[in-house]
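Common to both upcoming complexes is subunit A, partnered first by subunit B, then by subunit C.
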Partner chain A sequence: MSDRLSVFKTYKLYVGGKFPRSESGRVYEVSDSKNKWLANAPLSSRKDARDAVVAARKAQGGWAGRTAYLRGQILYRVAEMLEGRKDQFVREVAEAEGLSKSKAAVVVDAAIDRWVWYAGWTDKVAQIVGGGNPVAGPFFNLSSPEPTGVVTVVAPQKSSFLGLVSVIAPVIATGNTAVVIASEDSPLPALSLGEVLATSDLPGGVVNILSGRTAEIAPSLAAHQDVNAIDLAGVEDDVLAKELEVAAADNLKRVVRPQPVDWSADPGTHRLTAFLETKTVWHPTGSLGASGSAY
Partner chain B sequence: MTSPFEYAPAPESRSVVDIAPSYGLFIDGEFTEAADGKVFKTVSPSSEEVLSEVAQASSEDVDRAVKAARKAFEKWSVLPGAERAKYLFRIARIIQERSRELAVLETLDNGKPIKETRDADLPLVAAHFFYYAGWADKLDHAGYGANPRPLGVAGQVIPWNFPLLMLAWKIAPALATGNTVVLKPAETTPLSALFFADICRQAGLPKGVVNILPGYGDAGAALTAHPDVNKVAFTGSTAVGKAIARQVAGTDKKVTLELGGKGANIVFDDAPIDQAVEGIVTGIFFNQGQVCCAGSRLLVQESVQDEVLDALKRRLSTLRLGDPLDKNTDIGAINSAEQLARITALAETGEAEGAERWSAPCELPSSGYWFAPTLFTNVTQAHTVARDEIFGPVLSVLTFRTPEEAVAKANNTQYGLSAGIWTEKGSRILAVADRLRAGVIWANTFNKFDPTSPFGGYKESGYGREGGRHGLEAYLDV
Partner chain C sequence: MPTAFADVTASDSTLRRFLHGLPGVDAVGLEARAASLGTRSIKTTAKAYAIDLAISMIDLTTLEGADTPGKVRALGAKAANPDPTDRETPRTAAVCVYPDMVATAKEAVGNSGVKVASVATAFPAGRAAIEVKLGDVREAVAAGADEIDMVIDRGAFLSGDYMTVFEQIRAVKEACGTARLKVIFETGELSTYDNIKRASWIGMIAGADFIKTSTGKVGVNATPANTLLMLEAVRDFRAQTGVQIGVKPAGGIRSTKDAVKFLVLVNETAGPDWLDNHWFRFGASSLLNDLLMQRQKLATGRYSGPDYVTVD
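Showing the complex of A and B:
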């Protein structure tokens, strides 16, 4: 038995590529499933949420403007980094969700594989949901998907890592940027994910991670006029979910309602397409060969 | 001085359409009175003549219609897709056969020129039913996985600007995917939807699959709020769209909203000016500007501003305003007294805020609701006429110097429905189109529609797409 004193970690938010404490100076106690103290996590304020939106907006154009190929490379890089820090996440997930090490390892593997899956979507989604339309007239007519913009994600409460990855990756794979509210009781895997994202060539501001009380932070994000969409995955209170959806109507945010999800199952493309707009461009084609002659 | 462009009157005959003095609600395959016996009158906007008296749906009628649709859903949803397809093909064919009658009817009830109902609305209406008919037995191949399921009863609320076309946009995909519908047409334009009910009868469509409830906003609200409606589809104002989004919060209802717009039509200095001028005219004066995707903000590059405006004014002076049934008429009547008042008030605000008003020199008929094609110059982005949707024949002209400025100004709006780009330079078209936040972008053309082509907006212009393969998603459980 070593008598070495272990080094605790100070968990911080991840906003705009930096690791700030909450501007409010508040923290809250995070415990494991047996109520043993694990760490003090930042208790984010509404101001932290607004700062995160500013960072996400600033990053959005540049992220969407990168080639789909490069976005795929960067997402894959995140998976590489996760693989290297697997032990840490297995420990954090085991503590957060009360799982055995071996069960937590299965969950973390699944999360890394899911990240890889979404990495492969970046340069394919346009071919699946876009394309040329055979209009009845001499026009070139093309529909392409584009990111909706800044997306607020309320991460699942129980699935602190696989669920988290399953809601973040589809949002950013398509060029959106995200403001994520981590699982309220189990925010540590999310805050550690921020450290991974920061070292994965992902531009600062593309993903911003807040920890704290969902009921305190989510309403201001649902009402925020510069947020374009909201994923309510982790809102377990029906009354709050309805309030958030009502607030989101103010600027017609795209809303993904909370619903039961088996995070270990094939996610399909629903979350990928939920945060896309379809742009259709028309242009006359002229008629070089109008008389039927070759040209 | 008489213009060399005077045309002899060429009125389309009204005799092809037989409008009854009164109509009921269409519920479960039957025309029926409203539960509370209420009726309202529908008038011709060009003459203020009362065309017919129509039953006015209340929440009780909505309930009755939803029940009928629910019952019909049991059989309709399990009908083989190939059989549903054949019903839709039948409807498409009957629309083609009766298109002259429907065009005249629509022109009478809406006030839009026969040229547009005959050459734009009706061909598109038939085309939508043809297009979605073909999807009914191919849904497994639509990209939403094997065996996609219908949602159930669709509650649909449509506006008065394209009464029959909006009906087609809503009903064709709903039926193709196995849903049943309750549709509320606008209070000023209920007739073509009621004629469509007769087409459903001629096609032998099972009772209750399509229900039509003429009525006001309260009936629409009762329909979208009805607990047994699974899908809400709305086309109309952004304000009502937001109210619906709030109303359905916390429910399982799937919603699509096609809302307002303030489309930018961007003319670069190398644009083919004559074509651009035609495009500007089409963009804002088609259907008297009562189009959500109208190009109501002209953004013209400063160096060609005078040339474009001179050509535009010259062109507008040749537009013929008057009897919508005259085949030479370009500009018909505004749909209602209420809408005319709204357009008039917004135009007055434009003047009061210091924008310079110019209206085409044309004589307005003494009865009916009319507004001369109008444009505002010296407009800034802060002006009401540059920000608010006017939904009338009013064009606001702004200028820009660089493509960056054009994009910034075009995107400076709560809306994101449509935009136009006029330039001979292909790379500029693609670069600008890429940066515009709008769902439909017309380059060197404007206001083109097709059933195979998805339509819908970004931002506060609503969510979801209508038309094309994308349009199926709104009616499937995916």
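Showing the complex of A and C:
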């Protein structure tokens, strides 16, 4: 037996590119699928949530203003960094979800591939959902997608890593910034993801990760006037989901409702387009003949 | 000037003897007290009261080279009606502008009751001949300024020439006529708490209506500690002479939390007599937006964003 003391990790939140403890000073116990204690995670307060929104709003303009190509490069860089820390995530996912090492490895690989999938979409989504519209008049009519703004994401509860990546990546790929509430029972992969994001050229504040009780933090985020959209993927309680939708309606937030999702399946573009607004521009062609006009 | 101080200001040496005879400031104790008073958490109805009080104490300020008449008019409109979605919101105490903008500001606030303050006397450096400073003041007063914010000559103060500082304040006070005079010490440049205390006493003896921490143009502006020190000075001065003098921290107060901390300091140090915009002011520009956002949060239960308040 080694006489070396093991170093326990103090998991922290990831807000505004920094790793703060919860403002409330609270923590809660995280255990594995067999109820064995793993670590203490910060128990975020509403104030932490509000700070995260401030950080996300601050980062949003700069992130959306980067070229789509550069955003893709940065997302790809995140995948590279994930690849390098695969062992850690395999261990955390195995503990969180009660999987064998080999099954957890499959899940982590899928999550990294998922990240690359969305990295590839950053500079292609505009061609798919935007473009020139045929209109009956002497105009060019062009639609282009723009980010919605600050998006709150309630991460899936059971799929602590693949599900998490599947809801964060589409939000930031299109130029939004995210405030993420990690899985309540297994937040550790999410908090570790924060460390990866911090070291992969992603500007601080683009992704902010909170751990804690969904029922405590989510309502103030759903009602927050400076949040533009909310993804309720991980809200399992129907009553809470309805409450959140009602609160979100107040400033006309976009809402993605909770629905059964097979996270291992092809994600499609549904989540990517859910957080885009379409801007349409009418522009005179300068040539009246183009519309078939007689004069 | 209270007769009690006639002897003190009789000559350079009596003034110096008086100022250096003031009890020294315990810097560690002062900072500890300011910090401990700042830890209180103010909630719900008390918070709502504090927010409204803080809004009513703001000297909404724009002091930039790039100030335009349009910007000053916008500021005046905002001071008179800070939150157009809620008419219950109190108006601010004053708008604070450069002397050449006084007429524009006066017109902008109209008869809303918002006062116009002007930073005369070669603000912010204060490095000009006394005639120039007095001219600056007279021009602002003639244009309709209700309040004059003057800066002291820090060079004279730091070289120990207290009489010059005293006499300049006297002269400016005379030039103000009916306008109230706020004397800015620029505490960030005075180096020590003892100096801030001495400056406060010079200002009070010379007839200032307000003593003010800073111009907002240097690194260290209003801090809880230097404001606490000035509040103690006005409290002691009133106990000694019966004359009440106002205090205005300025610069660097940006959040509701900060503002509430200062209000606690006022109540605990000088007392509730100063919890009024006639005796206490905040020199600030971005503070108002945060107060309005907090006010909206209390009224609606929802956190608000910067899109819901005007941009300064």
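Just so it is clear, the second predicted complex is superposed on the first by the 284 of 295 C-alpha atoms of A that agree within 3 Å, B and C clash if a C-alpha of one lies under 4 Å from a C-alpha of the other, contacts with A are read in each partner's own complex, and residues count from 1 in each chain.
Note that a contact is a pair of C-beta atoms (placed from the backbone, for glycine too) under 8 Å apart; a residue touches a chain by one contact, two chains touch by 3 or more.
Keep in mind that what you see is a predicted model, and the values were worked out from it rather than measured.
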{"item": "First, second, both or neither for A:250, with subunit B first and subunit C second", "value": "both"}
{"item": "Residue contacts on subunit A - larger count, subunit B or subunit C", "value": "B"}
{"item": "First, second, both or neither for A:226, with subunit B first and subunit C second", "value": "second"}
{"item": "Which of subunit B and subunit C A:50 touches, first, second, both or neither", "value": "second"}
{"item": "First, second, both or neither for A:277, with subunit B first and subunit C second", "value": "first"}
{"item": "Overlap of subunit C and subunit B interfaces on subunit A (superposed complexes)", "value": "250-251"}
{"item": "Residue ranges of subunit C touching subunit A (in the complex, touch as defined)", "value": "301-308"}
{"item": "Sites on subunit A touched by subunit B in the complex", "value": "128-129, 133-137, 139, 141, 143, 148, 228, 238, 241-242, 245-246, 248-252, 254, 257, 268, 270, 277-284"}
{"item": "List of subunit B residues in touch with subunit A within their complex", "value": "127, 143, 145, 238, 241-242, 245-246, 249-250, 252, 257, 259, 414, 429, 433, 438-445, 448, 450, 452-456, 458-460, 462-463, 465, 468, 470, 478"}
{"item": "Residue ranges of subunit A in contact with subunit C within the complex", "value": "50, 53, 57, 220, 223-226, 247, 250-251"}
